[in-house]
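Multiple structures are listed underneath, in structure tokens.
In the two complexes below, chain A is the common chain; its partner is chain B in one and chain C in the other.
Right after this comes the complex of A and B.
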């Protein structure tokens, strides 16, 4: 569970069944476990109006468990990018009464929320639960490039190569944490690298 | 008179009957300047000097926020009310000098919404007059559903239909026309916000159905000014100012506190804004909470009261005022 630091740093809750006409789930890897936990608390018939979009982790686990919930629709894709057209299309056709549940890594939650905000859902109306990796999606403030799956502090920008301090400063619009050059005064100064976002 | 409520010296520039129950009042500044800007959904508190008594009633501004040469309000005559609306109908004439508060908005549009779905009941139409004007000027997407008892009591229904055509849907009780609420709420595109103003029963019904059908609370907006209910007179000790006061049957606790020369802060005088929240020092008796501000837990705790609309029955009440 991510610790609270500055106000822009997202905090996540625990998924719980909401009143609604349709329930859209987007999850990756161990986020499936959050859906299973919700299912244990959900009224019977809850998943008859549910749509699950799932991106399994490298181990490929949890697909059978989610299918066993018998959602009205189930989609499995290799990456978030592959699921994106489906997510956008679903939201574009949705009506009020659709509830959104996001579970898994911060990168998945952030990117799905970014699409939901564009579709007009308030971020406070979205159920979220963080499960699995703490790896971050960061934006380099210098070249604006996005680097995915950052686990170290500092981290190297995959676009411009600057060494970046990974801040807790987060942008919902970009779905990314902010990375700022850590050695702008003296580029020969290389602080030790630690793996802290596992 | 009260902190947070700056006053405007105005003159009544016109008084226009809208139908058998509703009259419209126009105000302009006495110094000829423009009035302060406001946004759709804002209200002003009108001071009524009724002999010895000062009445302070909130009314929604119904004119276009784009025109601040004048403010307009519409007052529905309530023959069994506490007398504010009757005073407006019987005593207020063009040319009369009055004092009103700066506008305050406790029912504003959420302009992030993709669409605004508005539900009005009766005189609850007034804030929507301003909100629709504001949205129409910005090319905003809205739809107004307006219920009234009869066509002749559908205040401004003709104006709204003329201005916005099919974006306005009317329902007449005497023709058994009812809003198909569940169907209406379930057919709205994602990103719609809901606004409701009308009788408390209607507000409760709409909010309950919206919650059950999966509308997040952030997307549901309502305004209900609870007019202070009359009740048995009671005595109150004001601990800070060291005064003993009596609240008459037709008077609100806030009005009685003000009549004793103590000025608590206020904005809405209808139990929604939270400004006049008052701590209870001691009590022996029962609170009659009528506000929409304090939580149920706070109501049960007997440690706070909203003097604008709530009352007390019992032996003694000491307030931190």
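Right after this comes the complex of A and C.
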């Protein structure tokens, strides 16, 4: 679980079955375990109206467990970017009664939520559960480039190379934490780098 | 007689300064010898002649130079002006408000002529004379918010009101004290204030939101906020922090008076009639220490405020690197005698 922080930092809950006609799950890696835990609480036949979009990550784990839930549709993709067209089309064609569940890393939850917001879904109606890595997706406030999977404080911008303080300030619209140059006032000051978002 | 607009810069050679009349009208933000956050909101009503409250939308001697600086910022970084798609109507509301107020307060410089939806806007200081159809975006060279805020001093945030909250859904932000519109756009009142220390715990934002969501048309409100800036730089954006940040390391006992500026924001809050949004102009006033201390009361009081500021606040306002140098310099102008009540100079 992420530590308590400032108000703009997202707060995640625990997935639970919601009343609805269709259930769309987007998860990566250990997010699959959140879906399995939800399944244990779900009424029978719940997954007959479910669509699971899953990005297993390198180790390829958890695929069999999700398939065993027998969702109406199951998709496994190599990256979030590869799943994006499918997710967008599903949301564009969605009707009233679709419920959205996001589980896994913050980067996955944030990016899937970003797409959902663009499709007009209110963020408070979305179920989220954080599982796995605390790695952050950050936007460099200076060059606007996004750096994925940041685990250190400070972190180097993968676009412009500035050394960034990774803030807790978070934008749902950008699906990113803010990175601000940590030594802007004196570039010769190089604070030690610690791995804190694991 | 009108305003004599100064030719000056807010970057590079930094030729900005205040005339003696403008020093006296500076909105000094401390009514006592110490400072802590408070919900210091009051009705935005007209103040004394010769003050920054002589008109509800203030135009001053820096108008033309500030608009030139804004144009430079926007050419470099168009993301400083953004409006989410549902905010166009609020943009027209703002255009009407600013044209009406500027024409009312400064008829020698601005004229608004309305013939039904056909409007003619004459802005003599900037050499603009446009006729357009109110409500028809295709008749203006920019969207309505961008068009009028390229001609109005201060930053402007337009807030949408829904679900009992205010949402930062449009803005023109080129003179900000270190916050990013591009990052914060779309956030609600609590989210965009999230990084501010101490104030959440004091319940400041809960009370402020309650007040703001109840603002009525024709009854605007205001508050003052402040920080300090090295050199008279308007664009102290986080986007450019790696460019202006090094300035903070250049303060010495010899150059405090010229380099260190008190930066005061006159923030006002107005209900917009058609969109039911709130517009939040953030008007920035700069004054260098040499100018400020020409008023002995302000010198004494500022010394005490900066000296006694809680460290968390000093850090948040970015004063840490030069605070000691500034306090030492100001201490020589503080004989310890009492200061009179209120903001104004003696």
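To be clear about the criterion, the second predicted complex is superposed on the first by the 198 of 198 C-alpha atoms of A that agree within 3 Å, B and C clash if a C-alpha of one lies under 4 Å from a C-alpha of the other, contacts with A are read in each partner's own complex, and residues count from 1 in each chain.
In this section, a contact is a pair of C-beta atoms (placed from the backbone, for glycine too) under 8 Å apart; a residue touches a chain by one contact, two chains touch by 3 or more.
No experiment lies behind these values; they were computed from the predicted model shown.
> In the superposed model on chain A, is it clash or fit for chain B and chain C?
Here the two partners, once superposed via chain A, fit next to each other without clashing.
> Touching A:18, do we find chain B (first), chain C (second), both, or neither?
The answer is first: A:18 touches chain B but not chain C.
> For the overlaid structures, how many degrees, to the nearest 10, lie between chain B and chain C at the C-alpha centre of chain A?
60
> What is the contact status of A:36 with respect to chain B (first) and chain C (second): first, second, both, or neither?
Touch partners of A:36: none, neither chain B nor chain C.
> Given the touch rule stated above, what does A:181 touch, chain B (first), chain C (second), both, or neither?
After superposing on A, A:181 lies in contact with chain C but is clear of chain B.
> Looking at chain A, which partner touches more of its residues: chain C or chain B?
The partner making contact with more of chain A's residues is C.
> Once the shared chain is lined up, is A:76 touching chain B (first), chain C (second), both, or neither of them?
neither
> Return first, second, both or neither, reflecting whether A:152 touches chain B, chain C, both chains, or no partner chain.
A:152 sits against neither chain B nor chain C.
> If you stack the two complexes on chain A, which partner ends up touching A:121: first (chain B), second (chain C), both, or neither?
It touches chain B, and chain C stays clear.
> What's the minimum Cα gap, in whole angstrom, linking chain B and chain C in the superposed view?
Minimum over all C-alpha pairs: 6 Å.
> Flag every residue of chain C that touches chain A in the complex, lowest number first.
Spelled out, the residues of chain C in touch with chain A are 79, 180, 182-187, 190-195, 200, 238-242, 245-246, 248-249, 321.
> State the interface residues of chain A toward chain B in the complex, per the touch definition above.
18-22, 91, 94-99, 119-122, 124-125
> Give every residue of chain B touching chain A within the complex, in rising order.
112-114, 185-192, 211-216, 218-219
> Enumerate the contact residues on chain A facing chain C in the complex.
Answer in residue numbers: 6-9, 139, 141-142, 144, 162, 167-169, 171-174, 178, 180-181, 184-187.
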